[in-house]
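The chains carry the letters A, B, C and D, assigned in the order they are written, with residues numbered from 1 in each.
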Amino acid sequence: MSILVNSDTRLLVQGITGKEGSFHTTQMVEYGTNVVGGVTPGGAGKSVAGAPVFNTVHQAVEATGANVSIIFVPARFAPDAIYEAVDAGIPFVICITEGIPILDMVPVYDYVKQKGARLLGPNCPGVITPGEAKVGIMPGFIHEPGSIGLVSRSGTLTYEVVDALTRAGLGQSTAVGIGGDPVIGTSFVDALELFQADDKTSAIVMIGEIGGTDEETAAAYIKEHVTKPVVGFIAGQTAPPGKRMGHAGAIISGGTGTAAEKIRTMTEAGVSMANKPSDVPGLVKAAIA
Amino acid sequence: MSILVNSDTRLLVQGITGKEGSFHTTQMVEYGTNVVGGVTPGGAGKSVAGAPVFNTVHQAVEATGANVSIIFVPARFAPDAIYEAVDAGIPFVICITEGIPILDMVPVYDYVKQKGARLLGPNCPGVITPGEAKVGIMPGFIHEPGSIGLVSRSGTLTYEVVDALTRAGLGQSTAVGIGGDPVIGTSFVDALELFQADDKTSAIVMIGEIGGTDEETAAAYIKEHVTKPVVGFIAGQTAPPGKRMGHAGAIISGGTGTAAEKIRTMTEAGVSMANKPSDVPGLVKAAIA
Amino acid sequence: MNVHEYQAAEILAARGIPVNVGKVATTPAEAEAIAAEFGKLVAIKAQVHIGGRGKAGGIKLAKTPAEAKEAASQILGMDIRGHTVNKVLVVPGVDIAREFYLGVVLDRPNRVPVLMASAEGGVDIETVAAESPEKIIMARADPYLGLRDFQARDVGFALGLEKELINPFTAIASRLFKAFVEMDATLAEINPLIVTGSGEMMALDSKMSFDDNALFRHPGLEDLRDLAEENATELEARGHGISYVKLDGNIGCIVNGAGLAMATMDAVKLHGGEPANFLDVGGGASADQVATAFQLVTSDENVQAILINIFGGITRGDVVAQGIREALGRVDVKVPIVVRLSGTNAEQGRALLAEAGLTAYGTMDEAAQQVVAAAA
Amino acid sequence: MNVHEYQAAEILAARGIPVNVGKVATTPAEAEAIAAEFGKLVAIKAQVHIGGRGKAGGIKLAKTPAEAKEAASQILGMDIRGHTVNKVLVVPGVDIAREFYLGVVLDRPNRVPVLMASAEGGVDIETVAAESPEKIIMARADPYLGLRDFQARDVGFALGLEKELINPFTAIASRLFKAFVEMDATLAEINPLIVTGSGEMMALDSKMSFDDNALFRHPGLEDLRDLAEENATELEARGHGISYVKLDGNIGCIVNGAGLAMATMDAVKLHGGEPANFLDVGGGASADQVATAFQLVTSDENVQAILINIFGGITRGDVVAQGIREALGRVDVKVPIVVRLSGTNAEQGRALLAEAGLTAYGTMDEAAQQVVAAAA
């Protein structure tokens, strides 16, 4: 099984001829992802890493039967690219782009939901199902197929944890980076729900950070709905209030969003909380033992 | 049965203390309509024709259990009033107000639909189920309970036809005025669908006019879905192109929306078309004979 | 409300759409001077609120200032389907490589604005729509988000535009759409939108109409109204809350309600007469409104008889009759008047009118027959 | 991006919100002159980008110009939680009958902006939220339509406002919301919103913050940036695409990725050290970026040792190591450097660093322990 992407994924790359888009298309193709095409307005006729380029998402979907799209276009054009993907009937859209204005994402979030589609990101590393499909910018080689589901708001911190898991012999079913912005499509709860329902996933690792209350919402969801073991880690215990820690959403404001509060709530929900990333594999092993 | 309103209707009047609102509230109460309350911001504590006034629709709905709302507020505030009614959970909203800018109604139309509610109007006379509830500005006394369903884009022209029906001994199940604007909530098709499903309605009278293609859409619907006899009339055979005939929507533009075309299409769909309003009762009698 | 081509062009130019900028002339001499200023081939275009001016001879090319003067003298004062030409727009000639149609209108069945485009530009889009609808490309706006950039781009690709023209086209389409929405237009049209010989996109002819119900939030628009283009009677009627449209017949109509007013015109025609106007006095039909209606209708010299058709609803028939009597006391009406009064208190009303020497009928058919006879 | 109270007040006033208009002084003499001009009781308010200035003595009342001068001289130059007061706002005293809180923020769980109001005005809204959440009234915006008028009105009634105050309140709330949306704010707050003794509503204190990602479409906003209020190093870092936040410890951190950077700070703390900063060099970790990072981190005099933590992903570890070597060739770093390099080509990278005399560790824990020891 796994979640979100797998060997049936037929991937479209929006912004495929751009610097980021073409580089990561090559990386994804090399990993074995089935990249069926890409879109760059005016780019029809070209190809990138063997994938044909189309002028519009609509044309690309018609020609390739793409069922997942990944977006590498600049922040100013990314909301339009999401609308374009959803309107062309793509059911799952991954937006890697960083720096989209928060209020641009407010209607996008609702629109995607109304149309029954799913959005991952923006400002996220993407999603990988090891051995099947890498749809994102994460280094593929650190992953191993396995049964640990991983969901995280962060990029490199996720790689850190994945690397630790792999070294400890714990492969991953799927690893999902939900992104560090205040308004994101797929939430912790959404990913938890998918992992809970996924036959291949035996335990879940959830990596949060300061800012917002999505970890608290996830904790409540875990308490109610998740029967699989969950191991957690929260970054930013030393972060001061009122300061944005890199990610637009990583800010303690008005006393909410502190790491301490998130750790407390998750612990209460039965999540094994790691003090540092390197503790995660041990806690996972203990949980599935 | 009847459609849209009946003796179970618990009516709320938005803009109840205004000139139009208070006058027609009295008229509706006198007809026997169950007016359970009204709304005028800052008007709480007053009453109109025995109906208590509230500050907000939300408060009014909570206190009265209103299930239909009729709007008499000025054009600039009417879209907001529709949103307020729908957000307060009113499933059926009737907007009498004339002169709302067309593009204001575009999001309103979609919003009402998304929320699963129904809108009648704007710029319409309302709806009456004779002997049960008059929710609008039509003269109640010309109507008689009966089995003829009537749907129309017009006001006085509808009264003309209703009067003729009543004089001919043909009472009405419900008479619906859908309004003369280009963007309206309930369409001919919506009303036809309700009448077709209504046990009490034995025949349907449909009164259209120049402008738009809603009559053509209705004709296609009738051909496919309506088994009850339909008698039709189209006003504006002598109207010149490019000129608005009173109603914002009554304009022949770009060669579409002519009376001749509508009459042709409806005739082809099996509708008995009247040459003049006074012919309607005879055609109805022939149709149900 | 309609505006002239040159006004629509100014609105679109101010929003960043490249237009072929011209100057307005009201005399042949002005046209000559403008042509001299441009120093090249010019087009002289009649500015009237009616289509089909090209076929009517309202557009002429002029190679020299002298030709421009001559062309302007032919066009100025010309009558185009009832509209007198008082202004011409003089524009520099452009090298046209290709022509397109681009417009925004309300898609009434879907209740959203729609962008329409066609590679068949410069011709009557309604003809294209009727004869080869597949040549029209449409992009429906979202009710909240409007026309999104990718939609405009999709239309550009569907038109077969080259890569280089996609961005200019998308910008023009987006701006045209924004102009439509932000100005509460009912029509915003560029026909033709051209590609010049040097590969630039440009609006060669622009047209806009606006929603009368929304004029209150666009105070500047009223200033663009060309009173010479509007029927003075229709304008005056609007000021009194009366809908009036002049027609060509000789039977004046005064009716309460727009739908009934149309049906009344139709009934006049059905009985062999020709309606002189559409007139909806509105709900109340008070003495003031009826008096104003009499003034409006009798200002049309063609009117030979007047039909008043009132269906008393909330307004009582006796009150309306009283209003008619009062109005007749104020306005001197010299043509026969036929009244049809029905609905609430109609009998009392008819009695009141009989006292005043007016025959009032109970049905529209009777009244229509009578008024046709009276006008004959 | 934050602005001062007086700037937020100007923005809101320009949008039709009634504010208590004051003037800014940078010297006690200016404050005295402004007080004399107002000719009545004034309030002298420290203008700093930090809350809690009231408790810190940053707001004083003055009955006379002389008192105003004295108050200003006490406040100007004052340190409020690390922020030096360079400006005061002098506002005329107002007769306060009632105080409210009114604010717009993003409701993150629901992904829409929300209007928040409370009859507990003038106090810390976070305290109200924590202690008596039922006293906060919220109206969530529609994702497309924003805050509709009836919602603002509903909030007004829920606050218990009298009929006469509903329209003024609705106008203020709607305008505050529009300011939030149209200016891409992350916070727009009036606290307190007051009713004066004569029954007028007025914003007595205004606060706004803006989305850095949206500054590109609000070119005027950058001009409002008070460089004196911003950490110069943080500003410089932003110019280089680096996220940097100064902290109080002595261990400088250079990390790729925001989440890993936070985890690194936490690891330093966990091993008994104190991080001197948050720093995310971004994806590439090129020599240029690393050199800039060294400059930024070493500009902090407290820094006793530097921890570089790089997880090589798409970026190869050997390339990063090369970058670090090059950067060290350009920047003279006088404190010990501990490197942790993991991921792609990490071993080659560590070898390259060893050649340059740098010990590189394979795990974050080891590196954190070493850097804490090095800084001790």
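The working rule: a contact is a pair of C-beta atoms (placed from the backbone, for glycine too) under 8 Å apart; a residue touches a chain by one contact, two chains touch by 3 or more.
A quick note: this is a predicted structure, and the numbers were derived from the prediction, not measured.
The chains touching subunit B as well as subunit C are D. With each centre defined as the average position of its C-alpha atoms, the distance from subunit B to subunit D rounds to 55 Å. A separation of 50 Å divides the Cα centre of subunit A from that of subunit B.
Residues of subunit D found to touch two or more other chains are 144-145.
Along subunit B, residues 107, 111 each make contact with two or more other chains.
The touch graph of these protein chains has some other shape, matching none of line, ring, star or complete. The list of touching chain pairs reads A-C, A-D, B-C, B-D, C-D.
Interface residues of subunit B, counted against subunit D in their complex, comprise 41-42, 55-59, 77, 80-81, 83-84, 87, 107, 111.
Subunit D makes touch with subunit C in their complex at residues 144-145.
Residues 106, 108-109, 111-113, 125-126, 129-130, 143-144, 181, 184, 186, 211-214, 216-217, 243, 245, 247, 255-263, 265-270, 275, 278, 280, 311-314, 342-344, 363-365 of subunit D are the ones touching subunit A in the complex.
Residues of subunit D touching subunit B in their complex: 144-145, 148-151, 153-154, 157, 163-164, 166. Residue ranges of subunit A in contact with subunit D, taken from their complex: 23-24, 27, 75-76, 99-107, 109-111, 137-139, 141-142, 152-160, 163, 180, 182-183, 207, 209-210, 212-214, 217, 233, 235-240, 243-250, 254-255, 259, 275-278.
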